[in-house]
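First subunit A sits with subunit B, and in the next complex the same chain sits with subunit C.
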Partner chain A sequence: MSGTATRWLHYNLFRTKRDAVLTVVFGALSIWLLYKTLNFVFVTGRWTIIEVNLRLLMIGRYPDAHVLRIAVTVVVLAAWGGLLAGFLRGRQVRAGRLTPADSKLTVARVLDLVERLWIPLAVVLLLLLLSATAGPWITAGASLAAALLGRLIGPFFGRLRLGGLASAVSVIVFAAIPLGMYYYVVTAVGFDDWGGFMLNLFLAVCSIILCYPLGVLLALGRRSGLPLIRVVCTTYIELIRGAPLFVLLLLANVALGFFVPDTLAPATSTRAIVVFTLFTAAYMAEIIRGGLQSIPRGQIEAAKAVGLSPIRQTGYIVLPQALRNVIPAQIGQLISLFKDTTLAGIAMGLFDLLQVSGAITAQPEFRGQGLIAETLTFAALMFWVVSYTMSRESQRLEKRLGVGSR
Partner chain B sequence: MTADDTTPGYAPVFDDATAISGDAMIEIEGVDKFFDDFQALKNINLRIGTQEVVVVIGPSGSGKSTLIRCINRLEEHDAGRIVVDGTELSNDIRNIQEIRRETGMVFQSFNLFPHLSVLDNITLAPRKVRRMPKAKADALGADLLEMVKIPEQAGKYPGQLSGGQQQRVAIARALAMNPKVMLFDEPTSALDPEMIGEVLDTMKELAQSGMTMIVVTHEMGFAREVADRVVFMADGQIVEVGTPEHFFESPREDRTKLFLSQIL
Partner chain C sequence: MTATATSRIPFWRNVNVLKWAAQMVVVAIVVAIVIWLYGNYTENASRQNIPTSFDFLDNPASFQITGNSLSQSAPVRDAMVQGLLNTLRVSIVAIIAATVLGTVIGIGRLSTNWIVRKLAAAYVEAVRNIPLALFLTASVLVVVLGVFPQITDAWDLAGLAIVSNRGVAVAWYQGSGFGLLLILGLGVLAWYLVAKWRGRVADRTGNLPRSGLWGLGAFVVVVAVGWGVFGYSYTLPDVVGRGTVGGIRVDPSFFALFLALTVYTASHVAEIVRGSIQAVPRGQGEAADAVALSGFQRMWYIILPQAMRIAIPPIGNQYLNLIKNSSLGAAIGYYDLTLVAQTTVGNGSPAVPVFFLTMAVYICISLVVSALVNVANRRMMVVER
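== the complex of A and B ==
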C-alpha cells in the first residue's frame, strides 16, 4: 500500500527535478491560500453582521405585515414544481418512454436528488441555521412537504387522458398559478420596495423567461427569407450588442420619461427587467443562430422530403437540435444575466443583495469596522451557489438530451 | 405519348426516353437547371410509368442527383415542366407540399432525425402532416419496421444503429407517407460494403411490390436485376436510355461504352 502511494507520488509529482520544484512551490502556495481562507471563515471573520441582517440581505425591507405572502408563495411554488415534475413523469409513462416503476418516487430517487443538489441544499440549511426566527424553518418544512405531495399526485394528472378543451384549460390554469402568486406578492408591496437576494432572483427569473422566446424569434428572424424581417432582427441584435448593459440600465432610468408621463412610467424593477430581457435576447439570438447553423442541410432536406411544412421543419427538426447543441453557451449567458442583476442595484438604485451588503456595514453597531469583506463574501457565496447549480443542472440536461445522438 | 418523339440534345438517344407503355407517373419535359453559370441539367426529357423502376447512372457531376432532387423540389428547375401524378410543380408552396407528400426520398447520408427515436422518425410525418392518431401511426411504424426487418430497433435512436439499419429506417420513414413514387439518391454509397446487400434487398422487395421508383446508384448489379429501364446521364444530359439487357450488352453511344468500360 505504502509502496503504491510512494510510486504514485514519485510518478505524478516528483518525476524530474523541475516537477519536484513545481510541486513544492505550488503545494506551499495552495496550503497558504487554504489556511488564509479557512482562517477568515472560521477565525477572523466577524459573521454577526450577516446573522443580524440576514432578513435584510434575503428579502430587503419587505414589511412585516406582508412577509407571510412570501412564505405562502414559496410553498405554493414548491408544490407547483413538484406537481410539474410528477406530471411530466406521468406523461412519459403514458407515452411508453418510462415504466410505471420508474416514475415512482422512491427513497433512492430522493437520495439521488439530494446528492444532485447537495450544495444548494447545504447553503439553504446554513441560512436556516443563521436565522433567528421560526418563520424560515416553517416555510422550508412546508415547501418540502408541498413539493413531495405535488410530486406524488403529479403522475396521476400526467396519465389522465383529457379532451382538447379540458387539457387546454388545465394547462392555462397550471400556467396561471405562478402568475397569480406574482400578483399576490406584488399587490401587497410594490416592486420598488422589493430588495435583497429575492430581488436579484426575481429579476433574473423574469428576464430569463422573457428573453428566451424573444432570442429564439430573433435568431430565426435573422435567418428569415424575408428581407424586411431579416434587416429588423439584424439591426436590433447589432444595436443592442453594441451598447454596454450598464449604459442601457442608466438610460432606462431617464429615457422612458421621453415617451410616457411619469405617472404612467413603470416601476424601476420593471424597467430593469425590460432592459435585461432586451439585452440578453440579443445575445441569446446569436448563440441560438450558431446552433441553427450547426444543423446539417440534410436534416432540412429530409424534413422537406417527408412533407413537413416550413414551420414544422423548424419546430420539430431544426430548433430542437439547434437548441440542444448550444446548451452550454445558453446557460452561460443566463448565468451572466443572473449575476448582472447586481448592476441594476448600482445603476437604478434598487436595493438588491449587493446594495444591502454595502449598506449594512454603515449601521451604527457595525460602522467603521471594515466588515465589507464579510458581507461581500456572503453575497458572492449566494450568487455562486445559484450559478453553480444552474451550470451543473445544464450539464445534466445536456447529457440527458444527448441520448443516442451522434 | 408519341408527341415527344424528337428528343433534343447533343447526342441521339437510343430509346425514346419519353416513350413508355401505360400511364405516366412522372413527366419531365425540357428541364434546365443552373447553379450560377454552371448548367447542371440540359433539356431533360423523361417519362416514368406507373410501377416502373428506373435506374439512373452516370459519372459524378453528371446531374443525376440534381435531376431527382428537382422532382420533389429540393432543387428548383429553371426551365421546363415537371408533372408528378398529374400535379405540375409550381412555386405555390401548397403545390410543392402536395407533391412531397406523394414522393418519398432516401438520401445517401440517411438524414435520419438524430433527436427522435426510430419509431418517431417514421411516425412524425404521418402524425403531423396526415394528422394520423398516435396509436395508428405507431402501428404503421411497427409494420414498416417489420417490413424492413428491424422491428426490434423501434425504441432506439439513429445514432445507435449501423449504417445499413439507418438506411432501412430511412426507407421506412419515406414509405410511412404512403408515397406513389420513391426517389433514391445513391442510397448505398455511404455504406460499408457488408451492409449494401441488406439495403438493396429491401429496395428489391419494394420494386417487386409495384412501387414506382427512380434510383440513382452505382450498383450495376441492382440495375441489371431490378431496373425496367436504365438511364445514362453525362454532363447534364441524358445520353442513352434502354432496358438493362440492351444497356449492358450492346450500348450504342461511345460515351456509354467509355463509362461502362471504366466501371465494369
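== the complex of A and C ==
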C-alpha cells in the first residue's frame, strides 16, 4: 500500500528536482489559498446579510401578493420537464431505440442523476437552508415530486401510437405549457418588478430560445448561393460582432425611443432580451456556419441523389449534423450570454443579481461594514454553479451524441 | 429539345427568376426596415429639436477626464480621442498580461506535476464561469478599496512601485514618449538583425547560435545608448503627505479594469493554449525527447511554435473580446471611449450620433485587429504541399 503511495508521490509530485521545487512552491500557494478560502467561508465571513436578503437576491422585488405564481411556475415546469423526459423515453422505446428496461426510472438511475448533478443540487440545498420561510421548501419538495411523477407517467403517453394529428397536438401541448407559464408569471407583475437571480435566468432563457432560429437563418444565409442574401447576412453578422454588447445595451436604453414609435418601445427587460437575442444570434451564426462547413459534400450529394428538396436537404441531413458537430461552442456561447446578462443591470439599470449584491451592502443595518466581499461571493457562486453545470452537461451531451465517433 | 423545354417553363416556376425574386424580396424588406427606422429617427429628433448631425463634436466637452490634462473647454472631438487612447492603453496592457498569464496557466494544465495541474484547472474552471462584470466590481470594491492599504501605510515595492487604495504609482521614464518608442523600435530591430546574424554564424560554424541571448544583449545595448544620448532619466515614486510624487500614477479604475480583464481573459487564453498544445501531434514531443532536449527546450522550440500556429485565430478572437469588454470600464469610472460617450450624452450631446460614432470606432478597431490576426495567421500557417 505504501509502495503505491510512494510511487504516486514520485510520479506526480517529485519526478525531478525542478518538480520538487514546483511542488513545494505551489503546494504552499494552494495551502495558503485553501486556508484563506476556508477562513473566509467559515470564520471571518459575515453571512447574515445573505440570509436576511436572500429573497431580494433571488427574486428581487417581486410583489408578495404574487410570489405564489413563481412557486406554481417552478412546480409546473418541473412536472413538464419530467413529463417531457418520460415522453421522449417512451417514444424511443416505441421506435425500438431503447428497450423498455432501459427506459424505466430505477433507483440506480436517480442516484446516477444525483451524482451527476450533485453540485447544483448542493447549492439548491444551501439556498433552502439559508431561507427563513417554509415556502421554498414546499416549492422544492413539490417540484421534486412533480418531476418524478411526470417522469413516471410520461412513458405511457410516449409509447402510445400517435397519428399525425395526435403528434401535432402533443407538440402543441408541450410547447404551450411553458408559454402559458410565461404569461402566468410575467403578465401579473410586469417586467419592471423583476429582479435578482431570477431576472438573470429569465433574460438568458428567453434570449437563448429566440436567438437560435435567427442564428440558424443567418448562418444559412451567409452560406447561401444567393449573393444578395449572403451580403445582407454577412454585413449584419460582422457589424454586430464588431460592436461591444455593453454599447449596444446603452444604445438600446437611451436611443431606442428614437427609432420605434412609443407604442412599440418595450419595457427595459424586453429591450435587454431583444439586444441579447440580436447580439447572440450573430455569434451563433458564426458557430453554426463552422458546423455547416464541417459537413462533407457527399452528405448533400447523397441527399440530392435521393431526391430531397433543398429545404429537406438542409432540415433533415445538413442541419442536424452541423448543429451536433459544434455543441461545445454553442453551449460556450450560451454560457457567455448567461454571464453577460449582468451587463443589462449595469447598462440599463435593471435590478439583477449583481446590482442587488451591490445595493444590499448600503442597507442601513449593513452599511459601512465592508460586506461587499460576502455578497459578491454569493453572486459568483450562483453564476458559477449554473455555468459550470451547463458546460459539464454539454460535454456529456457531446459524448452521448457521439461527435467524432460516428 | 432542351431549349424548347426550358423556354416552356413559366416564369413563376423558373428557378433563376425565383432566386432573384426571393433576393429582391429580402433586400426590399431590409431596406424598408432601415428606411422606416431612419424616418422615425429624423422625425422624432426634429420634433424634440435634437440635432442629427455630427456638429456636437465641436462643442466644448465641459467635463474632465481623470488623469488627463484635457481642459473642459476642449471640443468633444478631443475628449473622444482621449477616450479612444484610454481604451487602447488598457487593452494593450491587458492583452500582453493576459497572453503571458494564460499561456503559463495553459501549459500548467498539462504539467506532469499533480499540484500544478490541479491548481491551473481550478483557476480555469473557477474564472471562466463567472461574469466579467462581477470580477470588475470585485476588483474595484474588494481589491483596490478593500485589500489595498491607505496611502499613509502604502505598500512600497522596493521603491519601484507604491501601492495604495489611491492607485498604483510606478517608476517611469522622463522625456519624450515618441523618442522612447523610436529607441525601443531600434532596439527590436537590432535584436532581429543580430538574431538573424547569429543564425547564419551557427549555420556556417556549427556553434550554438544562442540568438535569443545575443539579441537581448543587442537590444539592451541599443536602448541604453539611446537612453544616454537622448538624455532620458527616470523618476521613482514617493509618498508625500496624502499623495504620491514622481513615477507615473496609475489610476485605481485603470488598475481595476486591467486586473479584471487580465484575470478573465487569461482563463480563456489558457483553454486555447491547452487545446492547441494537445493538438500538436504526440510524435513531435516524443521526437524532442528522443534527441534529448530538456523539458524547457522541448516546450520552447518544438511544441509551443506549433501550438501557437493553431492558437492564433482563437486567441485573436479573445483579443477582440478583450477590447470590446474594456467598454465595461465605463461602469467603474474609467474614462474609456464608452464612458466619454456616456458622459457627453449626459452633458447634452445627441445620443444617437454619439453612440453610433462610438460603435463605428469599435467596429473599426475590430476590423483592424482581425486583419492583423489574419496576416499573422497567413504568415505562420504551414504551407501544405
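Heads up, the rule we're going with is that the second predicted complex is superposed on the first by the 396 of 406 C-alpha atoms of A that agree within 3 Å, B and C clash if a C-alpha of one lies under 4 Å from a C-alpha of the other, contacts with A are read in each partner's own complex, and residues count from 1 in each chain.
Throughout what follows, a contact is a pair of C-beta atoms (placed from the backbone, for glycine too) under 8 Å apart; a residue touches a chain by one contact, two chains touch by 3 or more.
Remember, it's a predicted structure, so these values are computed and weren't measured experimentally.
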Room on subunit A for both subunit B and subunit C (clash or fit): fit
Partner chain(s) touched by A:E301 [first = subunit B, second = subunit C, both, neither]: first
Angle at subunit A between subunit B and subunit C, C-alpha centres, nearest 10 degrees: 90
Partner chain(s) touched by A:Y316 [first = subunit B, second = subunit C, both, neither]: first
Subunit B versus subunit C as contact partner of A:V247, first or second or both or neither: second
Which superposed partner A:A379 touches (first subunit B, second subunit C, both, neither): second
Touched partner set for A:M181, first subunit B, second subunit C, both or neither: neither
Partner chain in contact with A:T23 - subunit B first, subunit C second, else both or neither: second
Where subunit B and subunit C come nearest after superposition, their Cα distance in Å: 7
Subunit B and subunit C footprints on subunit A, overlapping residues: none
Interface residues, subunit A side, partner subunit B - complex: 296, 298-299, 301-310, 312, 316-317, 320-321, 324, 401, 403-406
Touch list for subunit A against partner subunit C, complex: 12-13, 15, 18-19, 22-23, 26-27, 29-30, 226-229, 232, 239, 241-248, 250-251, 254-255, 257-261, 335, 339-340, 342-343, 345-346, 354, 357-358, 370, 372-373, 376, 379-380, 383-384, 387-388, 391
Subunit C residues within the subunit A interface of the complex: 19, 22-24, 26-27, 30, 37, 40-41, 44-45, 111-116, 118-119, 125-126, 128-134, 137-138, 141-142, 146, 295, 324-325, 327-328, 330-331, 338, 341-342, 345, 351-352, 355-356, 358-359, 362-364, 366-367
Parts of subunit B lying in touch with subunit A, wherever the complex brings them together: 72-74, 93, 97, 100-101, 103-105, 107, 109, 111-115, 124-125, 128-129, 156-160, 170, 173-174, 176-177
